[in-house]
Amino acid sequence: MRVTVRLFARLRELAGAEALTIDVPTDATIADVWRQVTDAHPSVAPFDRAISCAINASFARMSQPVSAGDEIAFLPPVSGG
Amino acid sequence: MRVTVRLFARLRELAGAEALTIDVPTDATIADVWRQVTDAHPSVAPFDRAISCAINASFARMSQPVSAGDEIAFLPPVSGG
Amino acid sequence: MLAVTRAPLSVDALAGAVEASVRARGKGCGAVASFAGLVRATHQGRAVRYLEYEAFDALAVKTFEQIRDEARQRWPDAALGIVHRVGRLSIGDASIVIIAATAHRTEAFQVCRYAIERVKQIAPVWKHEFFEDGDAWVEGAVADPADETARARALAVACA
Amino acid sequence: MLAVTRAPLSVDALAGAVEASVRARGKGCGAVASFAGLVRATHQGRAVRYLEYEAFDALAVKTFEQIRDEARQRWPDAALGIVHRVGRLSIGDASIVIIAATAHRTEAFQVCRYAIERVKQIAPVWKHEFFEDGDAWVEGAVADPADETARARALAVACA
């Protein structure tokens, strides 16, 4: 099934894309999506332990399963304020 | 010698005047000035222990001597902010 | 930046002036905390129609200068603005605006809080409340700018 | 009142909106605390030319809503506004304005401080600094809105 990935800030710059469309197995979790992203864009792999994620614009856990059409966002450490 | 007295807020209302001109002895202190004010306007006497004072628009102690032409201000408890 | 006025208050205007004063000293600030006190519709259960604030203007401004100087002793790089409004105020109007500009936010909050505590302790300003059925002067602290105990209390609240 | 915008920020405008929301609930407020974060001219000794802020807008607004809801749990009558600016900002521009309106001042300062601490912990917003000789993304906290330890830390700072 197909999901959309959104990348922000330095992740976006390192991957060279703010959005990706990727195909994942039907039982995939957000962690699986992230692995596919790091496989395709190894430059973002160092964020492995410092990533936050969201699904359809709600914060989520990496263990959460994804569904077809979901928008998965990966967020580097934040610096707002 | 002659000094000016300024009264504020409830003191002003009780005395019915925002400024008084009074004659005091040359060795008078602000406390002496206050006593003359309370003699002339007994309604302000209850403020005896809750009064602040200023001389020529600077805070002062009641024991401070006054000079001819000074402006003595008496201030009830404050409530700004 | 340290004033008594009859005009409506603006946080943006005062903050702009305070920030400009910081730049004029060749410094910068990253944090601006403000406090505004608004006229409330009730006081101890009675409906307030409006308020009048009275001040000893010249002494109030000197008091604000003292508060600024006290703040600088503790927070040398802080910039402070204090404007108190006087005259007739309606429900919701701001009676005071305080601005504290510092490099970092902890100090901005502390300076702002310190300033409002000190204003309430020592500024020669009086609140006169008008109700449907009467009026009352509010009388709080006996102003004593030299009282170190009061000053320490304000510092303790600000830096709790 | 909880928003991400490319437009310059105004404390007065946001405070007016927050105060109106309080009145619309039939309540009043006597104290309004605000915080504004300004772009500083230097970062770790390097001269900053300008900044760019980026946000995940939809998630940022939800995060601000969470922060408001958290604040209401602790301070039921508090009203909160949070607006973060994104895009290119110059030195001295405000990147964020937070307004906390409450009945009394202690709570106004607490709510305002709580909100900025939480924004820094969990809001999906990123600062990109541009220097004379390069640029750098600032990376602070790993955002985890469910982390109760972080939330407790923010509460502790706010209510110190």
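Order of writing sets the labels: A, B, C and D. Residues in every chain begin at 1.
Methods note: a contact is a pair of C-beta atoms (placed from the backbone, for glycine too) under 8 Å apart; a residue touches a chain by one contact, two chains touch by 3 or more.
This one's a predicted model, so the numbers in the text were calculated from it and none came from an experiment.
**Q** Along the shortest chain of touching chains, how many steps lie between subunit B and subunit C?
**A** 1
**Q** Taking CA centroids for every chain, report which one is farthest away from subunit C.
**A** Farthest by centroid: A.
**Q** Whole-Å distance, subunit A centre to subunit C centre, using C-alpha means?
**A** 48
**Q** Can you check how far apart subunit A and subunit D are, centre to centre, with Cα atoms defining each centre and the answer in Å?
**A** Going by mean C-alpha positions, subunit A sits 25 Å from subunit D.
**Q** Can you check how far apart subunit A and subunit B are, centre to centre, with Cα atoms defining each centre and the answer in Å?
**A** Each chain's C-alpha centroid was found; their separation is 74 Å.
**Q** Show the residues in subunit C shared as contacts by 2 or more other chains, in ascending order.
**A** Subunit C, residues with two or more chain partners: 37, 116.
**Q** What residues in subunit A touch two or more of the other chains?
**A** Counting only residues that touch two or more other chains, subunit A contributes none.
**Q** Can you identify all of the chain pairs that touch?
**A** Touching chain pairs, listed by label, come out as A-D, B-C, C-D.
**Q** Subunit A touches which residues of subunit D in the complex?
**A** Contacts found on subunit D: 37, 53-56, 58-60, 62-63, 84, 95-96, 116, 119-128, 137-146.
**Q** Taking the complex as given, what residues does subunit C use to touch subunit D?
**A** 10-12, 15, 19, 23, 28-42, 91-92, 94, 103, 105, 108-109, 112-113, 116, 160
**Q** Give the list of subunit A residues in touch with subunit D in this complex.
**A** That would be residues 6, 8-10, 13, 50-52, 54, 57-59, 73, 75-81 of subunit A.
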